[in-house]
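Two complexes follow with subunit A in common, the first pairing it with subunit B and the second with subunit C.
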Partner chain A sequence: MKTLLLALRSLRNRRTTALLTISAIAISVALLLGVEKMRTAAREGFANTVSGVDLIVGARSGQLNLLLYSVFRVGDATANVSWQSYQKIARHPDVEWTIPISLGDSYRGFRVMGTTDQYFEHYRFAGERKMVFAAGRPFTDLYDAVIGADVAQQLGCKASSKIIIAHGLGNVSFAQHEDKPFTVVGVLERTGTPIDRTVHVGLEAITAIHIDWQSGMQALPGGRVSAEEARARDLTPESITAFMVGMRSKVMTFTMQRAINEYRQEPLLAIIPGVALTQLWNLVGIADTALMIVAAFVVLAGLLGMLTAILTSLNERRREMAILRSVGARPRHVFTLLVAETGMLASAGVAAGVAICYSLIFAGKPLLERRFGIFLDPGGLTGYDFAILGTIIVSALLIGVLPAWRAYRNTLSDGLTIRV
Partner chain B sequence: MSLLTRLLLALISLSPFLSPFTLTAADQETDSLEHGKHEHGAVTFNIALDGDTLSLELDAPAINVLGFERSPRNDAERKLVTDTHAWLAGGREMLAVPSNAGCRLQSANFSAPKLGTGHADYQPRYTFRCSNPAALAWVEIWALRKLKEVERAEVNLITPQVQRQQTLQGGELRVPLK
Partner chain C sequence: MTDSTPALAIRARDLLFAWPGKALVIEIEQFSVARGERVFLRGPSGSGKSTLLGLLGGVLTPARGEVSLLGIEISALSASARDRFRGEHLGFIFQMFNLIPYLSVLENVLLPAGFSPARAARVGGDLQAEGRRLLAALGLGASDLLGRPVTELSIGQQQRVAAARALLGKPEIIVADEPTSSLDHDAREDFLQLLMSECRTQGSTLLFVSHDTSLGHLFDRVVSLGDLNRAGRT
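Then we have the complex of A and B:
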């Protein structure tokens, strides 16, 4: 105890260096903890992209490919699913609901997705969260569109805006569906998922805008079908890109998955989104491990900075040590004194680091949610966090042994009359 | 083994050679040339829980169930096949759950694969009814203890709240359900 008090007083005497050392450690600890918190948030955010959907069915390709284009709107389908197969599965007694989706067109760089009102009804993200309309309502008319928060924000669209969908993908497309403009009837609240970057229209609307298109081109003026004429046509699609399935009982999910994967009339693939997400995370999760390693090295640099500071101060403190010895301190007291000093510096640094990290999280939380859709849950310190922080303090104590050993050696040989 | 069983086994092992000649035109149209995936050392468990129903499916290559993937060659191997099939058909010592969950095996769905015709897979399915499903915090896959030389055991889990994949390693048996 006495040694600790002595160490504290000695530190107070050199408060500028001590404070600088503490801040270096604090910043590195805040970074490490922040990276760890972000990592957890990213992993959860990732897993939260889709929920409530039991199966996603598309043309037979890869599990990840299907997940990427149907949920993340990344990449493209290898083939479509025929309407007959979709109907057959949708009518199965074990199936409660289905959400058909049709992709392929875009609006100024944002993907357009044809679907039904079942999508707003059954699709969930982040556990049990449903899509909420910031303005307007789901589509009811053939040429109605519902846009995500990013689309609304970046393009300045709002309810009642008119939009013209481009044929195919890309920001600038020469092939436009300008004869059949859509009216934005709803804007969705930010979800932090790819929904924010999607323009949703009715499934029939996708058929309607392509009704007079052949081999990637619109028919010549004589053969064109106007927006109003298209309403009278049969707009049942021949095929869709993929569909999502909700089962009456979760227990039947695996059986249905196998039945679809072994479906003979058409090569189909059914995936369980949560399972595919786990696999995808295992792939992309490597990046956050790399980030964690970088942060760990920053902490190491902080600790080495502390070591440098203490080692340089040792020479100046030879007289301090000699006086301590003259009033009866044993060499081992000097040793403990220095180890205690590093321990205190590191603990203060860790505590300050945790404080910095949490204040940053609380300060940045609203901004992160609004701008990036990252839902950062500050939470308490987990067991893993404590293990990390404990490791830092223990490493600091181990590092402290080096200057302590040097001081110990010095006090054995130095007298009171040393020249500093 | 009785003469009848041997005869049946012989017939079954012959059937792939017989089948092309017995296919009708309609069959050929729908008959697929696809093969399911088959990876030695890799077994999959599908666990689903909804309400009071807990279901378990196993998908394992015969080599990891029996230790070989051909027709049994001697009495010891034949006994092993009989015993293993009895175990799989009975569904005992497949799964362990917290005792207060009150789970009982309701049905076991098992059909023995054809041995000696190339790759063979075991795909039994079991359904349990639990009187207190709220107590189901975990299950332990005891079947893993009986399987042989499993390199990778993948568990796909579905409950109303959770959908995930977990890999069991190093003799680990427990799968949390929450």
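Then we have the complex of A and C:
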């Protein structure tokens, strides 16, 4: 107890060095903890991209490919799913609902997705969250569109804006569906998922804008179908890109998945989104592991800085040690004194680091949500966080053994001789 | 373990010591100090003075021979037992820089009590009051001095604080290693008078080591380390 008090007084005497050491540790700890918090938030955000959907069905390709184009709007489908197959599965008694998806067009770089109002009804993200309209309503008319938050913000669109969809996916497309403009009728709240970057229209609208197109080209002016004429046609699509399935009973999910994968009329692939998301995260998650490793090395650098500071101070403190020895301190007191110092520096650094990290999270939370759709839940320190922080302090104490050992040796050889 | 003549405060016999890989620095056949005696040990630097104090303080162990303090053969004790013995029965005053810079004057004086419960117990009653009494007895009674950082004190004042610390808890033996060599002549005699009178009050034995023989006349006995130590003599 007495020794701890001495260690504290001694540190206070060298407060400039001590504060600098503590700052270095604090910053590194804040970084490590921040990376860990962001990592958790990113992982959760990622896993929460889609929920409430039991199966995603598309043409047979790869599990990740299907997930990427149907949920993340990345990449392209290799083939479509025929309307007949879709209808057959949608009417299956175990299936409660389906959300058809038709992709392929874009609006100024944002993907256009044809779907039905089932999408707004059943699609969930971040656990149980439903899409919410920041303005307007779902599409009702053939040429209505509902846009995500990023589309609205980046392109300055709002309800009642007119938009012209481009054929294909390029940012700059020469082929435009300019004869059939859409009216934005709804803007969605930010979700932090790819929904924010999507323009949603009715499934029939996709058929309608392509009604007079053949092999990627619009028919010559004579053969064209006007926007109004299209309304009178049968707009049932021949095929869709993919569809999502909600089962009446979750128990039937695997049976249905197998049935779809073994469907004979058409090569189809059914995936369970959760499984595919985990697989995808294992791929992209390497980046955040790398970030974590970098942060861990920064902490190590902070601890080595502390070691340097203490080792440097040892020589000028030999006198102090000899005085302590002369009044009855044993070598183990000297040892304890130095280990206690590292323990105090590291503990103060860790505490300050936690404070810095939380201040930054609270300060940056609104910005992260608004700009990046990352819902950073500061929460308390998790058991894992405590394990990390505990490891840092234990490492510091272990590192502290080195100067303590040096001082111990000095003490034994110096004895009561006060070297100046 | 118990010496046949406990009337001796310090007794060294057939003492041999050498630093690892170096020549012999201490070779003393016989050296003893009686209880309550005030002995002046004259030794120029390089005469093995620091090593001898290390041996007497129980920080170093002799290669051969024995060191007995107050009838206990400390050279036969374990290192931690010697540390405890030193904290309990010995008070040290060094040439300079005696004080822990980050502790106050009073905290420096009370330092031995923190490491030796026996010495704290011997004070009996209020430690702080005893610390103040000793400081006052050594001419540092001014209360504004006690809370001040020791680094603001003059060297003379620092040495008195060191003396008060060495005397706290009435240790039987006080070892002073050149405590006056950084003081001017008047302050030297002044300091020594105060130290000696306090030693007399407490009944402590005083071993005073210095190269400055001008103070020798104040002591019961003057011993020359050069005569005592046969090592290094050619």
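The rule is simple: the second predicted complex is superposed on the first by the 414 of 420 C-alpha atoms of A that agree within 3 Å, B and C clash if a C-alpha of one lies under 4 Å from a C-alpha of the other, contacts with A are read in each partner's own complex, and residues count from 1 in each chain.
Everything below uses one rule, namely that contacts are C-beta pairs under 8 Å (C-beta built on N, C-alpha and C of every residue); 3 or more make two chains touch, one makes a residue touch a chain.
Bear in mind the structure is a predicted one, so any value in this text is a computation, not a measurement.
In the superposition on chain A, A:Q279 makes contact with subunit B only, while subunit C stays out of contact range. Of the two partner chains placed around the shared chain by superposition, subunit B is the only one that A:K250 touches, whereas subunit C remains out of contact.
Contacts of A:H333 after superposition: subunit C is touched, whereas subunit B is not reached.
By the touch criterion defined above, A:Q265 lies against subunit B but remains apart from subunit C after alignment on the C-alpha atoms of chain A.
When the shared chain is aligned, subunit B comes close enough to touch A:D54, but subunit C does not.
Against subunit C, the residues of subunit A that register as touching in their complex are 2, 6, 9-10, 12-13, 319-320, 323-333, 415-418, 420. If you check the complex, the residues on subunit C that touch subunit A are 50, 53-54, 57, 59-60, 79-80, 83-84, 86-88, 92, 94-103, 111-112, 114-116, 119, 165, 177. By the touch rule above, subunit B contacts subunit A in their complex via residues 30-32, 34, 36, 46, 48-51, 53-55, 57, 125, 127, 156, 158-166.
The touching residues of subunit A, counted against subunit B in their complex, run 47, 51, 54, 127, 249-255, 262, 264-265, 272-275, 277-279.
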